[in-house]
Amino acid sequence: MSVLTNPQLWASTLAMTVPLALPAIGGTFSERAGVVNIAMEGIMLMGAFFGVAFSYWTGSAWLGLVFGVLMGGLLAAVFAWAAIRLAADQVVLGMAVNIFASGLTAFLLNTLFGYEGTPPDTPPLPFVSLPWLGPVFSHQSVLLYVMFAIVALSHWFLFHTRIGLRIRAVGENPLAADTAGLNVWRLRYAGVIVGGMLSALGGVYLSIGILNSFDVGMTNGRGFIALAAMIFGKWTPVGSFLASLLFGFSTALGIALQGQGVSPDLLSMIPYVLTILALTGLVGRSTPPAADGIPYTPIR
Amino acid sequence: MSSFLEVVDVHKYFPGVKANDGVNLDVRAGEVHAVLGENGAGKSTLMKLISGLYQPDAGEIRLEGRPVRFGSPRNAIRAGIGMVHQHFMLIPALTVADNIVLGDEPGGIRYKRRTAAAQVRALSQKYRLEVDPLARVEQLSVGLQQRVEILKVLYRRARLLILDEPTAVLTPQEAEELFQVLRHLKAQGTPVLFISHKLDEVRAVADRITVMRAGRTVATVPAADASPQELANLMVGREVVLRVNKPPRTPGDVVLSVRNLSVTDAERRLRVRDVSFEVRAGEILGIAGVDGNGQTELADAIAGLLPASGGQVAFLSQDITRLPPGERTRRGIAYVPQDRQRDGLVLDFTLVENAMLRDVSHPPFSRRGILQHRPARAYTERLLEAFDVRPRDPDRHAGDLSGGNQQKMILAREVSRDPSLLIAVQPTRGLDVGAIEGIHRQLLRLREAGKAILLVSLELDEILSLSDRIAVMHHGQVVDIVPAETATREQIGLLMTGTRVGESEVAQPSNR
Amino acid sequence: MTPVLATALAILIGAAIAYILGFDPFVAYGALLTGAFGNTMAISSTLAGAVPLALAGLGVSVAFRAGLFNIGAEGQYWIGVIAAVWFGYHLTGWPGWLHTLVCVVAAAVAGGLWGGLIPGLAKAYRGAHEVITTMMMSYIAIYFGQYLIAAGGPMHAPGYNAQSYPIRQDAWLTVLVPPQLTTAVFFALGTAVAVWWVMFHTTVGFRLRTVGANARAARYAGILVPAYTVLALGLSGLLAGLAGGVQVLALDHRLMWGFNTGYGYTAIVVALLARNHPFGVLLAAVFFSALSTGGQNMQMVSQLPSSLTDVLTGLIVFFVAAERMVPLAIAWYRRRRGVRVQVAAAGEGGREA
Amino acid sequence: ANKAGTTENAAGGAPKVNFKVGLVTDSGGLNDHGFNHLSDVGLEKAKQELGVSGSVVESKSESDYVPNLQRFAQQGYNLVIAVGYLMDEAVKQVAPQYPNTKFLIIDDPITDINNVTSAMFKTEQCGYLVGALAGLMEKRSDIQGLNPQNVLGVVGGQKIPPVDSYIAGFLQGVKKTDPDAQVIVKYVNSFNDQAGGSQVAQTEIAGGADIVFQVAGGSGIGVINAAKSAGVFAIGVDADQNYVAPNTVIVSALKGVDTATYDVIKDTLNNQFKPGVQDFDLANNGVGISKTTSVVPADIVNQVNDLANQIKNGSLTVSDQLPKS
C-alpha cells in the first residue's frame, strides 16, 4: 500500500505520539508510586498555557518550557498533597484538577491575552532536521528526541535504579515499604510530581513544540487517551510509548486515508477501533500496581 | 545479664481500644524472650511500638539504657531493631532479593540487582534458609515467605530480632529449623523477642516468657519453670481445657468422593496430581502437609473456585466436577477458606451483609430477589450470639473485627448453613487457645451431627487430635491416608516430607 | 470537608481572583445565585439541566459501586440520543405516550448495549480494562453521530445545517414549568429511587456491590463475576443512554452537530461527589447545573468570563475531596497554640523547662 | 487589566444611548476563532461607535440557550443576538414571547417571526475568490516559494455545511482558473485541535500542496503554523488572519459576521429592523476577501476582482454544494 510507504505517515505518527507518550509515562510514574492520576489532561493544559505565556513574556521558548513544566509540577504537587497528605479520593481529585485547569487556562487566556488567542510572535521551540535518518526525521520538534530519551530514561529509572525500586515498592505495598524504612510519602510525592512534569511537557509540546500558540481546550482529550495508553502499556514507560505509538499511527492513518470518498467521521474512528481490537485481541489483562489509588496514612 | 531493651509502662490507644495499657518488658542481651497472650492482648501492638511503626502515647522505651523515640520504622532499623511482622510485610510483585534489600540496596544511583541476588544467596546459605533470590514473592508458599521475612531482618544485621508469630505457618520441621537460627543468633549475643500461641515451642526455645492479657503484662517467668497449664491460665485468666476428647463414631455414607483429581492454579502450574479419597458422613478427614503442597488448591477445587484439569469430584453421589461454586454451595458444601480477609469476608460490608454473602437468594435473606433486611438482621444476631462473635453488633463492618472474631464469623456463617460437607482450611490459624478451643468444639459438634468434614491444617496437633483419618499431601499428591488413632507425629512428619515408610508399617497400625 | 464549607472556601478564592482582576465579587456572586435560583425561569433551567447529569451520574455510580470506572458515559449518552431520535422520527401513528416510551426504551437499551455489552464482555472475558474500552467506545459513538448527520449521512435532514430530522412532536416530553423543565424530571427522580431500591434492596444489587467491594469474596460467594461485570456496565450504559434519550425528547428533539456537551464527563464528577449514593447524585446534579446556569448569568451581569465558574467548580470538587483539611488545620492550630501556651508558661514560671 | 471584558466604556467613543444588546454564543464560546468571536467584534465596534451598551454570555450546553436568550429579553434588552444554528429552536421558542425585543440569529434561516432577523452568509462566494486566486498563483512558475507540483490543500474543521460551503466555493474557483490542479481536502474533525490541524496540513503539504486554505476554526491556527514552518502559503478564513503569520497568510476569505452584527445593531437602533432572512454576499460586502500580501502579483488580484464583479452582477453563480464524489 502506497499509504504505508509515504514517509509523511510515519512523520505524523511520531509527531502525534509525543503528546500521548509523555503524559502516559507521567501517569505511569504517579501510579507506580501508588497514586491514581487521571489529571493528565488538566496538567497538560497548564503546561501548554504557561509554556506559551512564559515563552512570550520572556522571549525564550526554552524558558517557556521550563516554566510550563514547573507550573504543571506545581499543580501536580497540590494534587499530590491532597492525595497523599490528606488521603483524599484520587479519582475525585483528578477530575477536580482537570476542571480547574481547563477553567483557569481559559480564564487566564481571555483576561491576559484576549479572545484572539496568544500573540502570534510567541517564539516556538526549534524543529530539528536529521535528513540522514530519512524524510521521517526531516522536520520534527526537538521534543520528539527528548521524548525518546525520556522513554529510555524512565525505563531505566523505574526498573534499574534504587529510587525506581523504592517507588515501585510504595505503589505495591506502602505498609511493607514503610516497615522496610522507606519514606512512603516522600516517594509518592516524587512519583506524582515527576509524573506531572512529564505530562506538562506533553502540553508544552502541543503549544510551543509544534506550534506557538495556546487555545482553550487545545489538549483535546489527549490526557485521557494517555490514560488509556498507560493502562494499555501495562504501567510501564516502554509499554506506554508503544501504546501511544499505535494511537499516533492510527490517527495519522485516519488522516492519510481521507479524501477517497469515505466519510472523515468514519475514518476518525480508526484509532479507537484499533485500540479496542488490539486490547481484546493481543494485550489482554493489565493489572495495576497493587496499592494504586489506596492512600497510605500511617498510624504513629 | 544487662538489659538490652526495656519497655517501661507503655500505653497505646486506638479509638475505643486500649491496645497497650501499661506494658513492662525487659529483654536481656543474648536471651530468647517469648511473649504470650490471647488474641487481641496487645502483643503485635507492643512489637510495632518497639519497631517504630507506632509511637507510644505514654511510657518509655529504652535501648541499652538510653531512652529512644522512633518516629518511623526507619529510625528503629538504624538503631538495629529488626522485625518480622505477623502479617507479612512483603511486596508480592517483586523478587525475593528485591524484597530483602529494599531500603538498603547495593549500588549508587543504579540498583545492583545481581549483587543483591548474590548477597541474598550467601545469606540464605549461611543461615540455611534456602530460597531462590530471583523468584517472585507471589509465587512462594507462605513458609518460604516467612524465610524471606527473616532474611530481610538478617540482611540488615539487626541487633534485636523481633518475630511476631513466626511459626503459625511452619511445619514442625520448618519450625525446628527456625529455632536453630534463633539459637545461632542467641549464641552470637543477639537477643530475640518472639510471639507465639504455642506453649510447647515457647517452652522449648525461650529463656523467659512474658504473658500479656488485655493490654497489660501480667507476668514474666523463666521458661524452665512454667507448665503449659499455668501459662494458659495466665493468658486467659481462667482454667482452660487443653485436650479435646473425641468420642468414637462410626462413619456413615460417602458424602464426598474425589477421583484422580488434578488441578492447575491461575498461573497454570500443576498443583494437585491425581488425588483420590472419600469423606463420609460423621467423619473428619484431616489433610496434613507442608504448606504449599497443594492442599489449598485441592480445597479450592472441591469448592469450585479452581477448575479441575482432570479427574472427578462427586458430592452425595452426584458428579459436581463442572458445577460453578454457587451451585455447589447450594447443594450443601460449606467452605472456610484460608485467607479470611481476601476470600471469606467483605471487610467493607456489615456483619449482616457478610452473613448473607453466600445465601443471599434464599430466605431469610431474600424473597423473590428482594432483600429482607429485618429477618436477615435477626438471623445475624442469633449467629453472633451462638458463636460468641464480638462485638455482638450486626451493623459493625467486618473490617472492624479482630482476626479471631472474623474467623468465628466465617465459621458461624458456614456451619449454620447446615451443610453436608464442611471444608475448613486452617480454621484456627493465628487464634489464641481460647478461640481454638471454641472452634475445635464446633468442628466436633458438626461431626457429631453426622456431617462430613475436610480439615486442612498445618498444625499437626490439630490434625492428630481432631481427625478420624489423616491424608498426607506432598508435592500435590496424597502420599498416604492413615487412621488417626494410631498415627504418630513422627510418622506423619515423615510422610509430609514425601518419604513413604515401608508398606507393612503403615498397613499394620494395630501393633501399636 | 462538608460540601458547604468546600463551596465557601472555593467562593472565597474565586472572589479574590475576581477582585484582583478588577471585578466586583458581590455583584458576580449575586448574579450567580439569582441566575441559578432567582426566579421560576432560573429554577426551571437549573432543574432541567440537572436531569441529564442526574441520569448519567446514576449510571456512572452504578458502575463505581461494582468497582468499575465507566469513563464513557458521554458516548453512551450520545448513542441514547441517536436511538431516541431514530425511533422518534421513524415511527408514525403511534399514541404519543407509547411513542415516547419506545424512544426512551430504545435510548436506554442502545446505551446499555454500547456501554455494557462491548466493554463488559471485553472486560469479563478478555480482561480489557474498562477505562480504555468505555472511553474508546465513547469517541466512536461521537464520531458515529457526526457521521449520521453530516451531509450525505443516513440521518441528515435536507437543508443547510448538519442535523437530523426532528422527533415527531407527539413523542416530545411535556413542559411543566417554562421555559424548559419537562416531565424529564420525573424520569430522573424515578430512576434515582429505582437505582437506590435495586442496589440496596435486591439480591442483584447486593451482588453488584459485593463484586465491587471484593471480587474474590464475590467469587467465593458463588457470584458469577464476569456476568455481573457485564451487568454493571450494561446498567451503567443503560442509564447514560436514558439520559440522552430523555434529554433529546425534552429539549432539542433532534440530533445536531455540537450535541456532545460534556454531560457524560460532568456525570463522573457528580457520581464521585455524591459518593455513589443515588439520592446524593440528585443533589450533586442540581448543584452542578446551578453552577453552570448561574455562572452564565454571572457572565451576563458582570462580564466575568464564564470560565471562572469552571475554576470555582474545580476548587469546590477539590475541597470536597480534601475533607481532611479541616481536622488537619485544627490540629495544626491546636499544636501551634499549645506550643505558645507552653512557651508562655515556661516564661512565667521558669520551672517547667 | 480587562482586555477581554466588554464592559469598558469607550473613552473617546460615541455618546451613550439607551440601547442594550445581548450576545449569546453557542457552546464554541468566544475563543472559537470564528463566528462567535466575530460577532463579539461587531458588538464591540457598535459599543464604540454607536454608544450602545452590550453584554455577552457564553453558553455551555444546549440546555443553556433558551435561558440565556430569555434572560436578556426579560431584562429589557433591545436586541438579542444568537450565534449559530444550534440556537434555531431556542430562538423560535423565545422570540414570540418577547415581541418587543428584536432577535438576530447568525447562520440560520428563520423566516416567519417578525421580531427575528437571520443573517446568512454566502461564504461559497468568498471561497470561490480565494480558490480562483490560489489557482492563478499555482499556475504561475515565477512566484517564489511555490513548488512545481500543481497541488492545493484545504483543511476543514468538521464536515458540516458552514465549512463545506467555503470548500465548495474554493473548489469551483480553482476549477475555473487552474482546471488541472489537484485539491487535497481533509478534515481535522475538531475545531479546537491545533496540533491535529497542523498534522493534517503537513500531510497535505507533503502531498505537494503549497497553498493551504483552512476552514477549521481554532484548529486552523495549527494549519497556518504548519504552512509557516514548511515555508508554504496559507489562506485564512472568516477574518483577516494575516496577523497570525504575516509572510504565510497571503489572503483571507472573509465572513462578515462582525459587519453584519454591527449593521443589524445599527439598523435596529435606527428603527430599521428588517425581519426575515438577510443574505450577506459579495454584493453587499457581507462576505469578501482581505487585502492580499505582496506575494500575490497585481494581475492576479485584478483577475480575482473581475471574478468578484461577475459574481456581484450575477453573471457568475457559485454553488454552496460540494461536488458529489
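Just so it is clear, A, B, C and D label the chains in written order, and each chain counts residues from 1 on its own.
Just so it is clear, contacts are C-beta pairs under 8 Å (C-beta built on N, C-alpha and C of every residue); 3 or more make two chains touch, one makes a residue touch a chain.
Computed from a predicted structure; not experimentally measured.
The chains in contact with chain A and with chain C alike are B, D. Looking at A-D and B-C, the interface holding more C-beta pairs in contact is that of A-D.
Remark: chain C and chain D have CA centroids separated by 34 Å (rounded to whole angstrom). Look at where the CA atoms of chain B average out and do the same for chain D: the two points lie 75 Å apart.
Centroids of chain B and chain C (each the mean of its C-alpha atoms) stand 46 Å apart. Residue positions of chain C touching 2 or more other chains: 21, 143, 146, 150, 305. Shared contact sites, meaning residues of chain D that touch two or more other chains, fall at 1-2, 4, 29-30, 158-159, 189. Across the complex, chain C meets chain A through its residues 17, 21, 69, 71, 118, 122, 126-129, 131-133, 135-137, 139-140, 143-144, 146-147, 150, 152-153, 268-269, 272-273, 305, 307-318, 320-325, 328. The part of chain D that touches chain C in the complex is made up of residues 1-2, 4-7, 22, 26-30, 55-64, 66-68, 70-72, 74, 85-86, 88-89, 93-94, 108-109, 120, 158-161, 164, 189, 322.
Across the interface of their complex, chain C is touched by residues 82, 85-89, 91-93, 95-104, 106-107, 110-111, 216, 221, 224-225, 227-228, 231-232, 263, 265-266, 268-269, 271-273, 275-276, 279-280, 283-286 of chain A.
On the chain A side of its complex with chain B, the touching residues are 160-166, 168-169, 172-173, 175-183, 289-290, 298-300.
Within the complex formed with chain A, the residues of chain B that make contact are 14, 51, 53-55, 71-74, 77-78, 83, 85, 88-94, 98, 102-105, 107-111, 113, 152.
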